[in-house]
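These are the structures, in structure tokens.
Shared between the two complexes below is chain A, which has chain B as its partner in the first and chain C in the second.
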Partner chain A sequence: MEKAGGDKKRSGKHGEGVAIDKQFLERSNATRYIRDVLTKIVENRPDDPIGFLADYFQNLGAQKGSVSRACQQIRLTHHSKPAFHNNVVLAYEILGESRNPPTRGIDGKLYMELVTELGIGFRQTIREKLLKKILCRDHEVVVFDVFRAGVLACVILEEFLAEAESLFKALDFHGQGKVEFSLCDAVLQELKTSVTSSLVQDPVALLQTAHTLSPSSLAASLTTITEKYTPAGHPRSPMTKEDFLATATDAYLLAVKPLK
Partner chain B sequence: MPAKRIDFSVKPAVLINFGDNQKEFHSGCSVIDIVFPKALYVEIAEIHFRNYYTARLTVRACVRDSSHHRLSSEGRWQTCVRKMQLMPVGHSDENCESYFTITTKQMAFPLRDILTLRFILRQPSPLWKEFRLDDIRLYKSSIQDQEESSLQSLPWLFESTRASEEKEQQRESDATKPEGVSSIADLSRNLQQLWAISQKVTSSQPAHGPSRYDVDGTYEINLLSYN
Partner chain C sequence: MYVYIYIYIYIYYIIYILYIYIVSEKHNVLTYLEDAVSQLLNHKEDNPNVSPSKFFSDYFNSVKLGNHTLFREYAFISATPHNRSSFVRTFWKCFQNIGRKGDLLGIREYHSLLCLLCVDFPFTPVQKTARIILMDDAMDCLISFPDFLFAFQVQFCFNEFLSSCAEVYKDLVKNPLNPPGAVVVPTSEKLAAAPSPRSSEGEPPGVRHEGVDSMQFYRLLVPVCEKLMPNALPQSLLKEILSAATRVTFYGFLMALSKNAALNKWIGKLPSKEKLWEPSEKSTLITTPSCPEQTSSPIVTVTAPSSSMSAISLVTSTQSLSNMDEKSVRSRLTPEVSKELKKQAAALTSTKSLTNTLNRVCNMGHGHSDTDDTNTDSDSDSSTN
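Then we have the complex of A and B:
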């Protein structure tokens, strides 16, 4: 009996302690932050949750403007994940609320600030090319569809450039940092034709393009294109990675509708 | 070019009854007649339909008897398809609403110069009171043949599908590699990847850009006024 009573007392004390701890957590907003970040993790399903947590709290501490907050919101997850769309909506809302007075839409100026921030990782030439294509006028209302397309064009370009870099590496298997101009040009021309030919919504055209990019027919067309250079007899200087990526970006931007 | 559909009219299904018409007796047999009011000469290559709780199907055709007169309206009845199983088990509803295609291969004789087509539907199970065929379509020539012929115009498709793996590999090694390329397969993979990524952008493009009223940088004043 005595023993049981003692247990009860202890558990009562314990319960009090929990209540106090709870109060503290509430007061310091820690509960809210943890809950928020857990919701975000569940929504975005990051591959590396620890890194995600670290980034989240680092950004939380850094008190930034609405543009960078919107930018972070977009960067929370990869664009192929379902949560991405939701994040873009939230980013659009963050930007809209930051205006004075708060609005539901945004104008061209805010949109420009955002895409510039998103494209900060690109090299100067590539960024200029991209912005030229996706920017609209400062005073214009940017509807959500346009906003989303612009954001996607930015984030997908990152993926594209990474892939283009590995293509360059495959071409430059000696590791010299530059590749013969004729070969690069031939490859990039193939890329451009395939992008343009699939702009029309035609399933047969898609199959056709897929076929032209298959190893055997690619070999044939590359040979014909490179052969054209040889008899002409004016050797061009080899292409560097930067030039290659810039030209690849041109091919990519063919798929993007210009806004201006 | 789509396979030619045949115009026809379907007579209402007749449920076969025993004895008194008023008495309810589930005979499990019903008959659908199809007539061709407009056509002089009917040739059927494919019959498409959707089953609705019919267990077995028999198709009979009235073929014009041309021995007496070329356009005689008399004909001989012949069984074209005999007791084709539509539902594996009559009592269970497995595959009870499947689509079927009867091609010339399943027919006892080619359907040419037909006057009437008769579908005899049987459902021995008393579980299903109602059974019929829906969405009956008749085609003059086989749809499959048509599809194949339209695909013939894409030679590259056949080139890659018909060629066996071995042949493909053979060709790959034979293909003259352009100078300075280590592996054409890697190149192809990379290029395809790049193309796929650019496709993502294409599909995300907005239907409408921002709405503007100016034409080549100048405004039409009437568009800007409020009325």
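Then we have the complex of A and C:
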């Protein structure tokens, strides 16, 4: 199918040219690359296939260690998609095979390397907090469930931080980079209660949480809290984005079960 | 038992194939994969030691950045919406100096410029673009670069959609729909009278007629939009544009499309008209001589200087293109691709198509327009072969 375009310009011995092209594609692994990438696209169903293709081939060309390959495998698709579980399994296998001799499981050292790599985009303080929570000792055997929990904690925190950042931007309507402490505190309180209450496996609690975090409800709680704060409140210094995100991470990490 | 398993496997296989087709239709993945392989095979003949993974990586990166349409054949450039908009962007990047200097060019000169980027670029889309700007008459008028660029973007990106629009418009003009709620008993006199204003079939609808009801036009365009979706504009934008006035003519509609900033933003490849030449502080926006009052008499005086002026401007523009090649294009491309492009550029100039285009522009002032057109077609054919 994909070889059809190649022989457009061949003139003369048409059949021979096609055979040579076929041979070249087989020999240089191009056929395998195309087959693999089509399978990956169908599995992961990216929203932007062209960007996905570009990244895929870029990573293919680069000689990288097993940790970054496992990291790429995890990042192929969003964690809410069905293919994510499969990717985590593959990443686990890649790490296991990289050991000498190859094993089916991995140890704490490799696990920590991977988690650090996944959390490379976070700020230092946030990363330390996260790693402390999902820490494994170097000699420990990391079973797959633990591995998966750690990876999920990383990727979800990434999304959570992006949301928290947009929340801060919405609060910072003057664009000064600082927001009044009372406002931030109110929002963070709401965030904390919703994160902890959503731990309960109860659909009603989840709906309740969704309602508390909806814009109208948040605005209502903001107005009541600011009214309460201003008369009695002692002036506190305004909050920066870093502080806000750090506090939000604390709230998030409450929901992450410690491994030990 | 085993039969069921085979049936299941077969069903999954069918779903798999279907998904591939859906993806290819929506994002044209297969088009790009096929083109990547054929480019690899072409490239292999000169460099037998090419590494496919490196080549594919470069190829898809340039597709992602939109640099992949430079010096490619027309069939590829017009194959996907992404290619079309990328080509318009490349055109703008290469020739923005023309606009900066404020030169006015005729449509044949614009066609020559397009042929520098794509050897077999046909004349029809350029002609249609000129109709958008010049409202279908005074085809020899000169056009400013920004006007041409935005009209060309609309014409090239939505080519099929606009031809469907033209058909819908013609039908609507011939048989205007009854206004909703009104009961009209058709009589023989009315039926005979209805098509009479549009009796001249060959002549496309112009500004002299008051056009059609814009909401009726919109309602008829909605199914066309749905049918051609990846190549059509979003319905919300269409509604916004058409609800600006109660009645609309076809060329008025096209003009509104090309002037619409939201549509330009939706296509997302060109900056807004004000930021078209951001790096320089000089912004000389020249208004088009597009007013329909300019009939044939002043054009004779306009065309006389046009040939000499256009030849000069074409030379400067080709210089800007070659400068572009050296500096900015290469800096944005990966070494492999830029090498490939350079080779193609060399082939392009060596097949004397550049001199041909220059000659053609110079001859234009002497009224060889029709024969020239056929000449270029054969030239471009020979150069592609």
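Following the convention adopted for this analysis, the second predicted complex is superposed on the first by the 213 of 260 C-alpha atoms of A that agree within 3 Å, B and C clash if a C-alpha of one lies under 4 Å from a C-alpha of the other, contacts with A are read in each partner's own complex, and residues count from 1 in each chain.
Operating definition for what follows: contacts are C-beta pairs under 8 Å (C-beta built on N, C-alpha and C of every residue); 3 or more make two chains touch, one makes a residue touch a chain.
Here the structure is a predicted model, which is why all the values come from computation and not from measurement.
Colleague: Let me test your reading of the model: by the given contact rule, A:29 touches which partner, first (chain B), second (chain C), both or neither?
Modeller: second
Colleague: Between chain B and chain C, which one contacts more residues of chain A in the superposed model?
Modeller: B
Colleague: Touch test for A:66: chain B only (first), chain C only (second), both, or neither?
Modeller: It touches nothing on chain B or chain C.
Colleague: For A:42, is the partner it touches chain B (first), chain C (second), both, or none of the two (neither)?
Modeller: second
Colleague: Have a look at where A:167 lands relative to chain B and chain C in the superposition and call it first, second, both or neither.
Modeller: Touch partner of A:167: chain B, not chain C.
Colleague: Taking the superposition on A as described, I'd like to know which of chain B and chain C A:140 touches: first, second, both or neither.
Modeller: First partner only, chain B.
Colleague: Within the complex, which stretch of chain C touches chain A?
Modeller: Residues 16, 19-20, 23, 27, 29-30, 32-35, 37-38, 40-42, 44, 50-54, 56-57, 59-61, 63-64, 82 of chain C touch chain A in their complex.
Colleague: Write out the stretch or stretches of chain B touching chain A in their complex.
Modeller: Against chain A, the touching part of chain B is residues 154, 156-157, 160, 168, 171-172, 175-188, 190-195, 197-202, 204-210, 212.
Colleague: What residues of chain A sit close enough to touch chain C in their complex?
Modeller: Its residues touching chain C are 1-9, 21, 24-25, 28-30, 33-34, 37-38, 41-42, 45, 48-51, 53-54, 57-58, 60-61.
Colleague: Residues of chain A touching chain B in their complex?
Modeller: By the definition above, chain A touches chain B via 108, 136-137, 140-143, 145-146, 148-149, 152-153, 156, 159-160, 163-164, 166-167, 170-171, 173, 179-180, 183, 186-187, 190-191, 194-195, 198-199, 204, 207-211, 213-220, 222-223, 226, 248, 251-252, 254-257, 259.
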